[in-house]
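Next up, some structures in structure tokens.
The following pair of complexes shares a single chain, subunit A, combined with subunit B in the former and subunit C in the latter.
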Partner chain A sequence: MNKIKVFITILLAFNIYFSDLLSEEKINNQIYKNLRCIVCQGQSIADSNSDFAQTIKSVVNDKLSEGMNEKEVYHFLSEKYGDWILFDPPVKKKTYLLWSLPYIFFVIGGIAILFIFKKVLKHKKY
Partner chain B sequence: MKKIILSLTIVFICFVVVIFSLGLKTKKIYDTKDLVGKPIPLIDLKLLNSEKTFKTSDLKKNDFTLINFWASWCAPCRKEHKYLIQLSKDLKILGVNFKDDKQKANKFIKKLGNPYNLIATDKDGKKSIYFGVYGIPETILVDKELKIIKKYIGPINENDVKKILKIINN
Partner chain C sequence: MISEFGNLTVVLSILTSFFLIIFSIIELKNNNSYPSIKLRNFSILQLIFTNLSFLTLLMGYLISDFSIENVYENSHTEKPLLYKISGVWGNHEGSLLLWINVLVLFSFLFFSKNFKKNKKFQLLTLIFQNILILGFFIFLFATSNPFNKIFPIPSEGLGLNPILQDPALAIHPPLLYLGFVGSSIYFSAALASLISRYNGKDFAIISKPWVLVSWIFQTLGILVGSIWAYYELGWGGYWFWDPVENSSLIPWFLMTALLHSILVLEKRSGIYLWVVVLSILTFTMSVTGTFLVRSGILNSVHTFANDPTRGLYILIFLSAMIFSSIYIFYKYSPIENRSFNLFSKEFFIIINNWFMSFFLITVLIGTVYPIFLEVLTSQKISIGPPYYNAILAPFLIPLLFLMAYGPTTSWIISRQFKTKKIIYNLFLSIVITSIIILTINQKNFLINVLLIASVYLILQNIIGIYKNTKKNSGKPSTPNLASAISHVGFGLLIFFISLNSVTSVGHDLNIKAGEKKSLENFDITLEELKVFNEKNYKKFVGNIVVLNKKTNNIERLKPEIRIYKNPETITYEASIRSNIFSDTYVTMSNISKSEFYNIKFQKKPFMNLIWFSTILIVLGGMLRLISKKI
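And then the complex of A and B:
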């Protein structure tokens, strides 16, 4: 019985250890994918094997192990290279329109459809 | 109703045309204009020919400092070297030797002359990321408060020398 308990404990420890490693790798990859390789043509850091991409990956890893979170890493790099290095532009005064337009169009589209539907239904009644 | 749909369609088409034409005019290459006015990082850099380190905060002693990222293997760095030597008469220059071999770097300096007041080394290129460097040569002009006044990507030329001298003499 004791042997089974020890076996299960070891198994659980391994599971926790490897799931931590996997989630860490997942976060790293997520960050790499949202960083633009400045020296490449439309590639992310994740897709590029350039010297610049490798150095940025290494710096990202350092920053994560220093305790920075994803947002802080983006902030750190955009301070150095501007927002151009980010594939997802942050919500700022300059980008308000960019972020709000899809929602504005969605609402206008919805209203237009509703309007047309109402007209069609009214028309069918007669 | 038809009028509303027609006017909405026209507005939408106009909007798409404007957005696309603006998009065509937008530069799709990395630009350093956003970095002007931002401070350089306060970090320690290892010196090339010594075990000592150098604090970037020490640059506050100078009214202006030029920080040049270079390497012996970089051909454009050779091209700009004479301009750096020209600028070294009027300005303090910190050289950051980027991903280079110490012996080759020293040979380069011995052959072409030393425009640098200090030469730091960045063996793995990570420290240069703190300065927003993505390739060499790159040159940053900073003021007393360590704020970036100008950032040059690629080799500097005669025109850049004139502009830098104009900035520091004003």
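And then the complex of A and C:
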């Protein structure tokens, strides 16, 4: 049993070791997917055929070749078109609740469950 | 003529619903042990009238009676028969009529199936259900009557939006409605159960098949919607966390939670009130979703003609539903004695509910947050796939492990966590996953752990069923088999979605007719363009040849640009070569003022297996529904 546990640890470590950030060739597509085509209905830049999407794609490519990283590209575009263009809402004052509420509810749920099982935990030994 | 008859059936249906409520209230006070035959007859009449009104509208569509405004606005004589039929629910008024038909159908089935059960509970359920029916009928009649006439009678109709002219989309709304609206019956039953102080266990037994039925249809409805999005919308995706998709997913989470906790309630008390809350919430969320979509607050393909009075009516109706439910809940809820053992089956089901609630709340927040933000600060933000992936995906990992471990535990008596049970399968799944990761050269950590967890879930269930079969002399017990099939389906779904997300390839090319473009592994040639005239549209078909340089395999694809006449619209039809393991997906669009065409070439692995996994999930539910010993 212990041998297996050791094996699992090694393999997990191996998995973590091989995990890496996204490779660079994919970065353009990755960025397109995270941008809203603001003239379309609920489509991303990657999915849209519109002229607007074509323009944004070439802007993204230019900015990347100028040496901007992914975050800087998002920042640049949101300055120009507003946060509406980003599918990944940046963490700001107006989105604190958006990013924290799910976790807050999760913790509240956990506490509620603890409450149900409190009796059991108190009175019985395991 | 059709219009008058339609209006008559609607009025008759409203009257029967009204009388059903009155008679039920009267019968509540008498001492008979069963509801009277009169009530049953009335509920049959109600079913007949409501179905008739639907069939009348269908007839209007079939014979293209353009004196009916609804038919004029959404149909056309040249439309193929299938889309004349599906056109009935391809618009707000008709789909509302379908919605009411489902309400009435479930009311009738529930009432006749449980005729001999507790009378007070039966009558109260009937009353609540008919209040809903009446509410929606009045909504239909006052703001959205599909039988309104138009004069002078137009000679031709306006036609149906071409992207809605699709077989998958023809059956998508009825399936979803059976799910969405099917949940109304346990909403009514839950309120009735509280007031009649019905036994929790009996309530669980009575409502379980209805929860299962609605869950099955909801799952199928979502599946068909995704398939439609994949084939028709032309971006090669199948789920975009679009607010409208979300509003079908929220009830699904609730139904899934309910499905699991009802199993606990059948066996033991302690979570009756929670089950009641879930039952009430499911239908409430279904109506909320409809409100958000129909009022035009959310803008999407699902939004039909916007009309503020409609939104207002649903909002008032919804508030009335919520407040009266809260009132009934606090007035009548009994005191419960809760005691559970750690690591028993019920413990894990409660954990399941915890996760489902988390998923539901996240999706709900993501859907309504931008609306509130815009109203309060007039700032617009988008919440798309990255948000949901970031928050939800990590939580799938513990969920998958718990789904694997939970079903192996026993009711009530299990008290300890057994490491031995999981260690071998875990080892095996890490080995399998490592091989897969090396083969596809995959480097995303989160995806790797998701793969391990889903493989583990699949293995654990398959081995579990094998053991169960041996123990029961060759035949596994049906409930075990059903849950194993659904859980394996879910494991496969997460497994293939994860793999699909990291192995999909997409390329964007601008190309002239006759030109060839070379990519890393493929050569893509646009050979020529042909123009065809079809019955109600004109199409440009591109002949595209894809050469796989590794295997020398050639695929021919024919994406289309369609120009529809009624109404005049341009659509882009994807061309898909579908195999078990991988799809080739090509769309084509013209670039204005140039002879170039924009070709989007995508390789989408495991699409068919994603659909198949979802079907497995549904099959488990169906098996559970038809098995005698449920």
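What we mean here is this: the second predicted complex is superposed on the first by the 93 of 126 C-alpha atoms of A that agree within 3 Å, B and C clash if a C-alpha of one lies under 4 Å from a C-alpha of the other, contacts with A are read in each partner's own complex, and residues count from 1 in each chain.
Going forward, a contact is a pair of C-beta atoms (placed from the backbone, for glycine too) under 8 Å apart; a residue touches a chain by one contact, two chains touch by 3 or more.
Everything quoted here is computed from the prediction, not taken from an experiment.
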| item | value |
| --- | --- |
| Partner chain(s) touched by A:V59 [first = subunit B, second = subunit C, both, neither] | first |
| Partner chain(s) touched by A:K80 [first = subunit B, second = subunit C, both, neither] | first |
| Touching partner for A:P89 - first (subunit B), second (subunit C), both, neither | second |
| Touching partner for A:D51 - first (subunit B), second (subunit C), both, neither | both |
| Which superposed partner A:N69 touches (first subunit B, second subunit C, both, neither) | neither |
| Subunit B versus subunit C, judged by how many residues of subunit A each one touches | C |
| Subunit B versus subunit C as contact partner of A:P102, first or second or both or neither | second |
| Subunit C-contacting residues of subunit A that also contact subunit B | 51, 82-84, 116, 119 |
| Interfacial residue positions of subunit A with respect to subunit C in the complex | 1, 4-5, 7-8, 11-12, 14-16, 18-23, 29, 33-34, 36, 41-44, 46-49, 51, 54, 57, 82-89, 94-95, 97-99, 101-103, 105-106, 109-110, 113, 116-117, 119-121, 124, 126 |
| Footprint of subunit A on subunit B - complex, ascending | 1, 4-5, 8, 30-32, 34-35, 38, 99, 124-126, 128-132, 134-135 |
| Residues on subunit C engaged by subunit A in the complex (per definition of touch) | 233-237, 240, 242, 299-301, 338-342, 347, 350-351, 354, 357-358, 361-362, 365-366, 369, 373, 377, 379-387, 390-391, 395, 415-416, 420, 423-424, 426-427, 430-431, 433-434, 437, 443-445, 448-449, 452, 506, 508, 572, 587, 589, 591-592, 598, 600 |
| Complex contact set, residues of subunit A against subunit B | 38-39, 51-52, 55-56, 58-59, 62, 79-84, 108, 112, 115-116, 119 |
